[in-house]
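Labels A, B and C are assigned to the chains in the order they are written; within every chain, residues are numbered from 1.
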Amino acid sequence: MSAEKDIVLDVQNLKVDIPVSAGMLHPVRGISFSVARGETLCIVGESGCGKSLTSLALMGLLPKNAQRSADRINFLDQDIQNLKEREMARLRGVKMAMIFQEPMTSLNPSYTISNQLEEVYLRHISSNRAEARERAIFLLGKVGISSAESRLGQYPHQLSGGLRQRVMIAMALMCGPDLIIADEPTTALDVTIQAQILHLLAELQADFDMAMILITHDLGIVARVADKVQVMYAGLTVEEGPCEAVFDTPLHPYTSGLLRCIPVPGKTAPGQPLGTVPGIVPNMVGELQGCMFRNRCEHATDVCETLPNSATQLANGHAFTCRLSPDAATRSEGA
Amino acid sequence: MIDMSLSPLRGQQTAEEILEPSPMSKLRRRIFKNHSFMIGAAILIVILVCALVAPLLAPHDPYELDLSKRLINPFWHDKKTDAEFMLGTDKIGRDYLSRLIYGAQISLLIGFSTILISGVIGTALGVTAGYFGGRVDMMVNFIINTRLAMPVFLVAMAAVVAFGASLHVVILVLGLFLWDRFAVVMRSITMQARDLDYVKAARAIGCSTPHIIIREIFPNVLSSLTVVATVEMANAILLEAALSFLGFGVQAPTPSWGLMLNEGREYMFFSPWLLALPGMGLFLLVLAINLFGDGLRDVTLERER
Amino acid sequence: MIAYALKRIFVAFLILLVVSGLTFSLSHLSADPALTIAGEQASDEDIEAVRKLYGFDRPIVEQYGNWLGRALQWDFGDSFHYKAPVVEMISGRIGTTMTLGFLAILFALVISIPLGTLAAMRPNSFIDRFALLIAVFGQALPTFWFALMMIIVFGVWWRWLPISGNTTWAHFVMPTIALGYYATPALMRLTRAGMIEVLGSDYIRTARAKGLSPTVVLFKHALRNAIIPVVALAAVWFGFMLGGSIVIETIFNLKGIGWLSYDALLRSDLPVVQAIVLIFASFYVVLTLLADLLNAYLDPRISVR
């Protein structure tokens, strides 16, 4: 990786707050990350840790009652925090595109594939219908849909889930975006299809030289495609760093707990029980008090009643937020 | 490992959770917070009480006519009106207020008797179809669709012509017609209930079909049944009024609101209040029933959530 | 799909057969038709002769068979009272009723779709509460009383609109509103509910993620999906409205088939009544059939069941 990376998105201290009857819900409590062109950032965490809301916050698609705040959200060297809805709409679909979790319901059932593919091109690039159609056919080919031209006239219900997700990917690429955000793009698909779609995404990302943020709970996916990993827990980043570093030497007890949950070929003996992380994600209402993971952490002590002021930084951008020293963490991992 | 139950973490539990109210008080609070339920119930109770104690409340006999006191104006029309006839008199000198109060009796009587008949028919059909399914369900579905295809109002008029116009005939005809919603709702609810685990369990331990229907399924459907009943009751009251208005319903001298509208029609140019008052009565009663039903549905739906 | 359609069409015919059979027997239970034709002063011999002539002495099943056979050839016999072919009497008036029904459903849609959409876009806002108020009040307002009140205000007090007859477009204004508002609450609630569901759907989020303008998201992606069930319901309501046209046409002296059925019932003119019941039922059956087939076409899963 070159030293001067072309940073596409740089987020500092992003927060999402939702007022609810019981008080203020803080699903995202201040996370920071950046992603460069040609780079894949994976945001990992359990359901409810705030990763999906993070992606919606970046796109400006949060539910009406949710409030977004951040020190900065620089996208292509422009802070998009104060953009009006109309200006945001000019970025969405063109410069930043999103792929959603549910291919079965994310396409409008009333319109043909071609209509839904072409409309985004017609809106943002040019009103030349022939051009839009050409682009649609080209991209359907790119995402591995055979006989693209005959698919164009079909309605979403005539396609399988895997095909629909391919269409969604083609749709995201219609205007050649700089950033693509994929929120659990393979969760709703069959295991065999999952691998294909993932492979396709990685290939296209390199092909189109985009920055990609992949949001998932599946560490297996992360290991295969990520350049950088960001592990989220209860709205906070607990550990981040280059993919190999995080996988080889997980420093936060939560990360190591997650890693123990996945079988490793050759290492996990048949019949050997996989690890679990007991307990559930805590309630996210109210202010933070100490480490949110401590009621599930086997190493928790009294010092965990308060959080460290900052993340512990290691070489190579690897960082974690835990009272335990890196030595202690690695040691207990071995124990 | 730290025993999690011994280390309750402050700050991760909200005041709301600690002060969790009991289910009963929750339900009560929801009922009181539901405006439409409260308003509907309040109006409904007032009308019900009026109807029940009509003889005490009405200043006059609603049937007693006095041709020398025809078409007296109500109090807001002219200052000279006797306190004796607050809302004036009709074309043959009967006290309008008394007739309006007794009219509530007729409308409520029609409403309640109709849903009693239609509720029994509809529930029986719906539960049968939902519980047994298959051919029985197909047959019941056909009956429901046939009933829906009949133009109720026209056929009800024809039935009144055939059997003679009277309160009993109107109640019977409406009761025999307005069961479709009961059947449709009961059918789908029974189908869902049939697949509930505890109903399956009851069947597995060998409970008889009637026992399962009455003991296991019925308590489940009671709230939906009440909601449907309010809809059909409002429907029956409006239909009776329309039938009586056209002269195909309750006959004179019964003080039915619909019939009063019929009788007042020829005086609409000079005494519009003869039309305005019974219509207001109908409107208020039906509004109250609808609000009550809507509120009830919201309250029970929330509980199930 | 085709097998499903054929099955539905067969059931529709069966329903019409049962409905016509029921009305036929119902109307023949009423006053002796021979007496109606011969008149009150007729001697016993005359009545007997009429009975023979019209075949009223035959078994009812045979009479029904004959009637049905002719009805299938578009011959509903002659009116007892006007001595004219029923088909002619109806075809001369059905246009008025269709116009009224069409205008009324149009009125209902024009009110309910924009209001329901606005309410859905801002739940709990002022406009949402206003729409709810309209729906709640509209549901409780008796159609015929609303019509009478309009006549008093717009026809008698302010003299803006004619109150009787069907010669100009102005004659249709009040009947249209009176009949149309009746369907408004149901259609508006469905629009609102459908719109809220669609606006929260994944494909609307996709459309917004594509950077489409809010207008395109609303009109192209949301409204179209939310409106299909509303149009299907409107078709069914059109069938219901023909029933409502009886009261409205009678009040406004609008001489369509609703008025005709009222007139025929007053005179026990059975052939006319039977024909109109069958026409109303056919309308309802055909419209629901079309709505069902449309739904099956749009959602292939329905026809597989």
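By our rule, contacts are C-beta pairs under 8 Å (C-beta built on N, C-alpha and C of every residue); 3 or more make two chains touch, one makes a residue touch a chain.
Bear in mind that the values here come from a model prediction, so they are computed numbers and not experimental data.
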Q) If you take the mean of the Cα atoms for each chain, which one ends up farthest from chain C? A) A
**Q.** Which two chains share the largest set of C-beta contact pairs
**A.** B-C
Q.
Centroid from C-alpha atoms only, then distance chain A to chain B, rounded to Å. What do you get?
A. 54
Q. If you average the Cα atoms of chain B and of chain C to get two centres, how far apart are those centres in Å?
A. 24
Q. In their shared complex, at which residues does chain C touch chain B?
A. 11, 14-16, 18-19, 22-23, 26-27, 29-31, 136-137, 139-145, 148-149, 151-152, 156, 242-244, 246-247, 250, 261-262, 265, 268, 273, 276-277, 280-281, 284-285, 288
**Q.** Touching residues (chain side chain B, partner chain C) in the complex
**A.** 36, 142, 145-146, 148-155, 157-159, 161-163, 234, 238, 241-242, 245-246, 248, 261, 265, 268-269, 272, 275-276, 278-279, 282-284, 286-287, 290-291, 294
**Q.** In the complex with chain A, residue positions of chain C that touch it
**A.** 201-203, 205-214, 216, 220-221, 224-225, 300
Q: Within their complex, state which residues of chain A touch chain C.
A: 59, 61, 85-86, 88-94, 97-98, 100, 102, 105-111, 119-120, 123-124, 157, 168, 171
